[in-house]
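Going in written order, the chains are labelled A, B, C and D, and every chain counts its residues from 1.
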């Protein structure tokens, strides 16, 4: 076999597993200003986010969903980053940021998992229909 | 080139060219007892035959049509054979007889040309719909 | 030929891809192809590459003979009555769509009932949904029991309602369930239905006899049975095919074309419009030869052997749930789940060990909904699968459990 | 690249079939394939053979990337705006049928006018005849003049009647006529018609720019442009494709399938149901690369050179009638007849000299009826054709004349 088994650990780094098993900001907000959910029908991943916004700042945020470690850890990481951010700054977050934050080498087949939470943000907060069309 | 040019002559033997250029029994009968025409739509060959039958014997026969040397020479040869034959005997003529009479090595692509006149006989005189189903 | 004499090592030597070191456990998705199949295609490309049926020169005759020879091979392989009943398609999906368009639009009427099953592949669901919507017909789905087997009493009840069409797969690609197709077809025919059997997962893996089966249509894909992509088969009973209008139209499926109108070619060519996948059909013929060389009974026995082994090995893993019936009533397909690990993560980790494992809904979303899971992991086997590959899968699962511990 | 630097001998070295000694003069029927194309297919079969879009392991990702890469290559090759507009089909025939079913059944209404031409191939006639019969629409055919060129004044008159659809081939496969497609499309669009261009004979032989052309649909076959059998292309303008329902349905073209109903995948996959011809699509990508390597201007220049030469050589033969326009206004296709010798007999005699010549109606029966002949002989050329092959054809013709003298 050409790839040693230890390569897996590089891919599924500990903090990803940690975010997957102990998701931050998991749950729902009672009265969100924005609430949006997206799914990836091909693999069944679901991510939804509730935002509480005041004066253009994301004051609180929760996510819910189910799916693979990549999609759920990526959502957890994104909520951590978004909390306290202005919507204007949040708008600037792009694919590379999200993938960079995951810090792993994502194969084409899994990239949609990694970007599902970003899609929720973009569509939910800015009404962008298609991530590819930004 | 693997096949010498003289091989053509073997294929298009002189009597085939002769039957093609000087077809025997060519034309129409005024009051045929049986008259039938078939075409080979793929290559446009047409052969039709008029039969005059008395007491089960083919007393006179004419063919008409157009097409390649194989189809027309084969029709010409077949009429020569049929003239004076009983319908019962004519019924026994099969593919191998017709191909044998042509006396040449016919490729699969041209076999339909060679057998068109036989089809006219079978369908016209016996109502067989499909030569393959005999 | 018994499993004892089945020489999987010799078989594997015919598949150059195994030199890459992969453990290929996704044959229900698409199979690998032996060099006999690619060789037959290359021979066409390099020795007699030309179009068929149209030309008067020798290489085109050779191509036509080889292309038509596959039809006879396939006919014999599934024991159809005539080569006129063997229609080339791109695969199962096109075969079923052909029936939905060319038979369905003519024969399915408002308020007609179509019976499918919850085990069916999207390719045997969506065409009927579209047809039903167009015609105002209804669809009912036969459910499964806890073992993943069709609820025959429910099927019997549906038949009482006089369905116009019954369509189901002989083997489920998602669970591996082997349906009692012969009994089901007989009951459906008795109830007056036209019956289509989706043979995508049965034809590659067990002996098939469409006449014994008694169905009206039978569809399968070459690429799942060692053949190349791009070639598959629709078998149809001659009376039905004769009565159908063409599906696609254009070159080759016609007898005469005139401004005033057109007459169609006879069977099977009536359904083969335009230049066909010639090289691929020739490759499919080589695949049938290859399978005949192994013997379909031996193929089934080998797969059963591997499946029993895999079932045992996987059963021993903690936190692993197996879906579907016991090995003796399933084909070489095992769907499973691991507690706390999403199938996609498992597949990704397995991939790092060069273990090719499928994760997803297996084009059977209604079944996934029924099972209450978004996806499963699936290992599937074929003529070249060896136990060592199952062991590699088990090792990958354990590695995933370590990472996610 | 000028014709002077075009090195046909080097090109021919890429085509192993020429080692058999054939003079292949039937490229309008199907082309030969270079080893770069078969090599790309073999690489798939032996290194990353797997299904696409469905799996999470690396070889499947590699297959998916290669498969989708062809889409971008094709997009650039015909200068489409987006890969969403590039749909894989089996060939031109399936592409046109797709439009006839998925666009035509929705948009063609009773008493609508469809304008075709007498130069069209059956694949661009029969689907419209069937659709017109189903809908109660009418078809009119633009006639040709004595040179085999479309009568533009008649076309203009038909456009005044406000056709719903205009469909014609850019290059006639039977006569080689290059139609003034840009002007025709512009006029048809101005008249409010939807326009389909059959590019089966243009795409392989000259630079194509679908946006400059301005048509709504453009169809062609991989197997006529050095690609394998089994893969072709439908280009469609995005708005039209978006508005269309799917053609075939099943695996992969869906987003979600539920018992209650189904949602479809986005473009281009909405139109690609079931396992596609993966190896063949990858081979088609290699064919596009190969043609780009030669340069399509150089390809056209080379073919023009051969065509002019052949035109001259054939013109000198007694009793030979040439059909169609002069070389500068035709593609590398020459249809002809010999007094007293049926085209089939000629082709058979040529075949004895290993000269592959087509004889027949070229799937253009309405044109044959119009010309008043049952069939013609046809020689057609491509990137690998050399003048010596034309000389061999001339020798075979003279031999046939000797035999039939």
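Quick notes on this one:
Convention: a residue touches a chain if its C-beta (ideal position, glycine included) is under 8 Å from a C-beta of that chain, and two chains touch if they have at least 3 such contacts.
Computed from a prediction, not measured in an experiment: that's the story for all the values here.
By number of C-beta pairs in contact, chains C-D lead all other pairings. Farthest from chain D, judged by the mean position of CA atoms in each chain, is A. Note: centroid distance chain C to chain D, computed from Cα atoms, is 31 Å. Here the CA centre of chain B is 37 Å from the CA centre of chain D.
Separation between the centroids of chain A and chain B, computed from CA atoms only, is 78 Å.
Here the spacing of chain B and chain C, counted between their Cα centres, is 46 Å.
Each of the following residues of chain D touches two or more other chains: 55-56, 58, 60, 256, 344, 348, 359-360. Counting only residues that touch two or more partner chains, chain A has 42, 107, 110. Those residues of chain B lying in contact with chain D across their complex are 1-3, 5, 7-9, 11-12, 17, 21, 42-45, 66-70, 107, 110, 113.
By the touch criterion given at the top, residues 21, 340, 342-345, 348-349, 352-354, 359-361, 368, 374-375, 399-400, 403-404 of chain D touch chain B in their complex.
Within the complex formed with chain C, the chain B residues making contact are 41-42, 107-110. The residues of chain C lying in touch with chain D in their complex are 16-17, 20, 22, 26, 29-30, 32-33, 38, 41-42, 45-47, 49-51, 54-60, 90-94, 96-97, 101, 121-127, 129-130, 133, 139, 141, 221, 223, 228-231, 245-246, 248-254, 256-259, 261-262, 273-280, 344, 347-348, 350-351, 355-360, 363, 365-366, 369.
Residue ranges on chain C touching chain B, taken from their complex, read 53, 55-58, 60-61, 64-65, 255-256, 263.
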